[in-house]
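In structure tokens below, several structures.
Two complexes follow with subunit A in common, the first pairing it with subunit B and the second with subunit C.
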Partner chain A sequence: MQKLTFRRGIHPLHGAHEGKLPTRNMPIEDYVSDSVTLIMSMNIGAPAVPCVKKGDQVKVGQVIGQASGFMSVPVHASISGEVTAVEQIPYLGPAPVMAVSIKNDFSDTWVDDLKPLGNVERVDPKLVIPAIRDAGIVGMGGASFPTHVKLTFREGAYCDTIIVNGAECETHLTADHRLMIENSERIVDGLRAVMRALNVEKGVIAIEDNKPEAIAAMEKAATGREGVRVQPMVTKYPQGGEKQLIEAVTGRQVPSGGLPIDVHVVVLNVGTCAAIADAVIDGKPLISRVTTVTGCVREPKNLRLRIGTIAEDAIGKCGGFSETPGKVFFGGAMTGLCLPNISVPTAKSTNGIVAFNEKESRSKDESPCIRCGRCVAACPIGLNPYQIKVAADAGNFELARKLHVNDCILCGSCAYMCPARRWLTPSFKFAKDKLAAEAKAKAAAAKAEQKGGKAQ
Partner chain B sequence: MSLRLSTAPHVHNPVTTQRLMICVIIALLPCTAVGIYAFGLPALILVAVSCVSAVVFELLWQVIAHQEVRIKDCSALVTGLILGLNLPAAAPWWVAVIGSGFAILIVKQLFGGLGDNFLNPAMAARAVLLASWPVHMTHYVAPTFFAGTLGFDAVSTATLLVTKSAALQDLFLGNIPGTIGEVSKIAILAGFLFLLVTKTVSWRIPVVMVGSVALFSWAFGGDPLMAVLSGGVLFGAVFMATDYVTSPMTPWGQVIYAFMIGLIVTLIRQFGSYPEGVTYGILLMNICTPLIDRFLPRHIYGHVKTEGKKEAKQA
Partner chain C sequence: MTIVYAGLLLGALGLAFGGLLTFAARKFHVQVDERIEQVKECLGGANCGACGYAGCDAFAAAVVAGKAPVNGCAPAGEKGVRRISEIMGQAAPDTEKMVARVLCQGENGVAMERYAYDGYKSCAVAASLAGGPKDCRFACIGLGDCQDKCKFGAITMANGIAQIDPEKCTACGACVKACPRSVISLLPLSQNIIVRCRNSDTARAARAVCMDACIGCGRCKKECQYEAIIVENGFAHIDHEKCTRCGACAKVCPCGCITIE
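What follows is the complex of A and B.
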């Protein structure tokens, strides 16, 4: 079959096989730690509100944090045992987050009110999206957008294609790869459940061609399933970027500032699909996920971690560090988020824990831009990164906006290619955040003015 | 244990500015070798003086201006080498020093250093030298190939652009009068191949520029092959028009830039009072580069009218 792709893009760590070699043949191992710490803000939108207190006994799957509004999902206990703390903890961002810690009693008792809906081909389509919401499912590819929100369309919008994102274009990660090999049926079940819920006829499972085993396994699982097909993709970063994948598979471009549904597409990560199948078929909430633990650890592995596992425990399960780490991050090397220390817990979107040794972690100094154009040739969006960088560094965010910085997906391709090691992506993130804050302040001011006008 | 915090990406392509510059230097080695072989010791001295003085001027500026010393990026060495190869072998050594000084101090550093110069330093220096010492700069000698002497007993000749006759074989091998670097087309092509294989430059600018020169020479009634192989067209297309700093960054921008250079070169050659137009063609288009980069429209993802938008409008 013809392999599809998008324009431009890069091949990060090409010679090193994207850092995936140590784990690509490692089967998924279950791992349950002594304790977990579940943060309440595991989704984009409003954080969940803790509904347990210190000393409570909780069972696996019990709601410990309630959703607070539409853009919010509940958090469930991922192990059974005693709640040891409900408190603010420092996390990856600047602000501390609310978290519930549980000490494992290793009885692994589940709550007894699970509501399995059974076979996805016979389930009442109306029950699927509520089940997804109640199971606390968010986008597991890294964005952690609440899945039920993604599947609830505004008036007049419709979806004709669901793309399952099995590209896994990030470096070092093989969690999705292994999931596709080992749980292929579940992924197709999850896809079918959503297709039926939204009355969509086309389901496309898109996988980069550096994962032939996953393509074969998914093709086998998709055989005989209505409307489902597997689409091999060219191995290129960021193939798994939502916008790039949509363009590659359907030829449509999500309009600037818009959503995939504007071009009638919904993209779901393979992990999300498997979680949806668990929620619909077994009624089980999202309490575990596959995470690749790799880099300078003794035995790199793919672990099925309970949500909230402390990074240190997961690394310990992999034999600990093989050398002194200089940097540890969640996710792949192109977009991963650095951990301040290794006592940070994983979340629903943690697809990888990667440790870099001292040498790999050394930061490079910026040198002058030589205008070589490698950033322009790399940008999957078609921006001129060097121009935006000049504007952003000068504090001219308005100019950066005019140069379409808001269309930047922060994939890091330009910064990866830059021979002068310029910090392009960080500058763009800063500019985007600034612009978003400005727009928010403006909207708030306009609202206040309107209110004031009405009062008079 | 203390961990570093940094923003993504956490990995980088191993290609650095320094490595790119070294690639250009390696690509220039065949031309340099043939040039020195063809013109003997004076050529070697001239190229060496040019290289050393360029690096020394850069170092001096950066020390005096209290800037970080960045001569390790090899960009000054590239400028010096290209300038040296752009001189006729018979030029006196001080011409190389003045040229390097002008290139590094005036053209490059006064405008902000590496990346901020709007003209190719070596090209601009050559233009200044050409205007200031026209006799030295156009005193071409025929290659001696170390034939007996190391001195300048060689016969002074006009370049082919004036005589308009030479065997194709001589053009390829370098048995023609001209500047040190431009004589052997095979050596230039070998350098180009190296630049392509190492992905240091794209094929666009050299190929389009050479094609454009051929096209317009043919259109103006000349011999396209002769036009491309004589003078500095090939050397300019491969090593000077491709200068990152002074050429456009977008693929289509590069095509327009290179095409226009070809047109200007041919216009100067056919209708101007100078026999050679490569220097001015490149310099004029260097000036246009910011305009091309700024005004050439680009297709940005999500800004084209898509099927979705059309349907939304109909609805």
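What follows is the complex of A and C.
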């Protein structure tokens, strides 16, 4: 079958191949730690509100944080035991977040009121999306967008293709790869449940060709399933970016500032699909996920971690650090988020815990732009990174906006290719954050004015 | 002979156009208040924009038009304000020279480090990563956003903290706006007794993140005979009008966070 891909992009070869090698043949191991800390803002949108207090006994799957609005999902206890703290903890963002800590009693008792809906081919399609919401499912590829919001379209929009994202283009990570080999049936079940819920006839499972075992396993699982097919992709970064994957598979381009649904496509990560299958078939909420623990650890592994496992515990399960770590981050080397220390808990979107040694994590000083244009050739969106960088560094965010910095997906391809080692991506993130804050302030001011006008 | 004709022709053309330009200059002359130029000469001249106008030219025009106050340009200093007032024929307003002060002493080793930051050199970026590289959420991050914005070279970064030279500082306020932590504040130059901490957490939490944090104990307040100190939001504030600069508070402060310049 013809292998598809998108325009431009990069090949982070040494990172992708060497980084993925230690774990690609490691079967998924279950790991339950002594305690977990579940942060309440595990999704984009409004954080959940804790509904337990210190000293409460909780069971696995019990709701401990209630959704606070449409753009919000509940948080469930991932282990059974006693709640030891409900407090603000520093996390990866600028402000501290609310978190619930639970001490494990290792009895692993589930809540009694699970509502399994049974076989995905016979389930009432209307019940699927509420089940996804109640199970607390968010996009597990990294963005943690609430899945039920993604599957609820605005008036007039329709979907004709669902793409399951098995590209896993990030370096170091093999969690999706292993999941596709070991839980291929579940992924197809999840896809079928969504296809039936949205009345979509076409389901495409897109997998990069550096994972032939996963392609074979998924093809086997997809045989005989209505409308489902496996599509091999060229190995290229950022193939797993939502917009890039849509362009590669369907040839459609998501418009600037638009969403996949504008081109009638929904993209779901393989982990999300498996979680949907668990939620629909067994009625089980999202309480665990596969995470690759690799880098400078003694025994790199793929672990099925309970949500909220402390990074230190997961690293300890892998034999600890093999050398002094310089940097530990959640996610792959291209888009991962650095941890301030290793006592930070994992969230629903943590697909990897990667440790770099001191040599690998040393950052290089930037030098002046030499106008070679490699960043332009690399940008999967088609932006001019060198121009945006100048605008952002000068504090001219309005110019950066005109140069479409808001379409930047922060994949880091430009910075990876830059021979002058310009810090392109961090300045784009900074510009995007500044513009978002400005837009928010403007919207708030407009709202206040409107209110004032009404009062008169 | 040809060269003479050419010379005469060019000379005549020159005279004709010269006459035309002189006529145009007289006829279409725009009346400009010469005070604008005079006022401009008294200003800081850095086009810093701290006055709220597009630059020194725009501010000078606004002063002459009576739209901006004569003391609106902080970098002009006391002398400049006096001269502008003379030009404008007003009494010079009483302006106290202000200076930007860094209200933090959380140097490397004093404020606890949350992580070693090795990224994009910007305080605003560092502040958005896991709450910043120092444990204290009020501390100076020390990557020099203020230094980049200072047009007078008054700010230097030393040992993970900003230091402002009061001699060079013109109190334009650019650093105050640039600081993502609002650590810098404009204070009167004569106010040499300064509370160098803004940690509003509880005493215990503040002390856990910085050796020099104000814990809001109130000993300075008790010591002050002029009721110039209040302890609010967990840290001490000095009322600059009541303060007599006696320095008694600094002597009793157990945390060393009140300093005498």
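FYI, the second predicted complex is superposed on the first by the 451 of 456 C-alpha atoms of A that agree within 3 Å, B and C clash if a C-alpha of one lies under 4 Å from a C-alpha of the other, contacts with A are read in each partner's own complex, and residues count from 1 in each chain.
Definition applied: a residue touches a chain if its C-beta (ideal position, glycine included) is under 8 Å from a C-beta of that chain, and two chains touch if they have at least 3 such contacts.
Since this is a predicted model, take the numbers as computed values, not measurements.
Subunit A has more of its residues touched by B than by the other of subunit B and subunit C. Applying the stated contact rule after C-alpha superposition, one finds that A:Pro90 touches subunit C and leaves subunit B untouched. Once chain A of one complex is fitted onto chain A of the other, the partner contacts of A:Asn43 are absent, as it touches neither subunit B nor subunit C. Of the two partner chains placed around the shared chain by superposition, subunit B and subunit C are both touched by A:Trp423. In the superposition on chain A, A:Asp433 makes contact with subunit C only, not with subunit B. Of the two partner chains placed by superposition, subunit B and subunit C are both touched by A:Ser361. Touch criterion met: A:Asn341 reaches subunit B and subunit C at once. When both complexes are aligned on chain A by C-alpha atoms, subunit A residues 338-341, 361, 363, 423, 426, 429 touch subunit B in the first and subunit C in the second.
Put simply, subunit C touches subunit A in their complex at residues 114-115, 118-120, 122, 124-125, 127-132. Within the complex formed with subunit C, the residues of subunit A that make contact are 90-96, 338-341, 344, 361-363, 423, 426-427, 429-430, 433-434. Chain contact summary for the complex, subunit B toward subunit A: residues 1, 3-13, 15-17, 19-20, 70, 73, 75, 113-116, 244-251, 254, 293, 298-304, 306-309, 312, 315. Interface of subunit A with subunit B (complex): residues 10, 12-13, 156, 171, 243, 247, 252-258, 262-264, 324-329, 331, 333-342, 354, 356, 360-361, 363-364, 367-373, 376-377, 380-384, 386-387, 404, 407, 410, 412, 415-421, 423, 425-426, 429.
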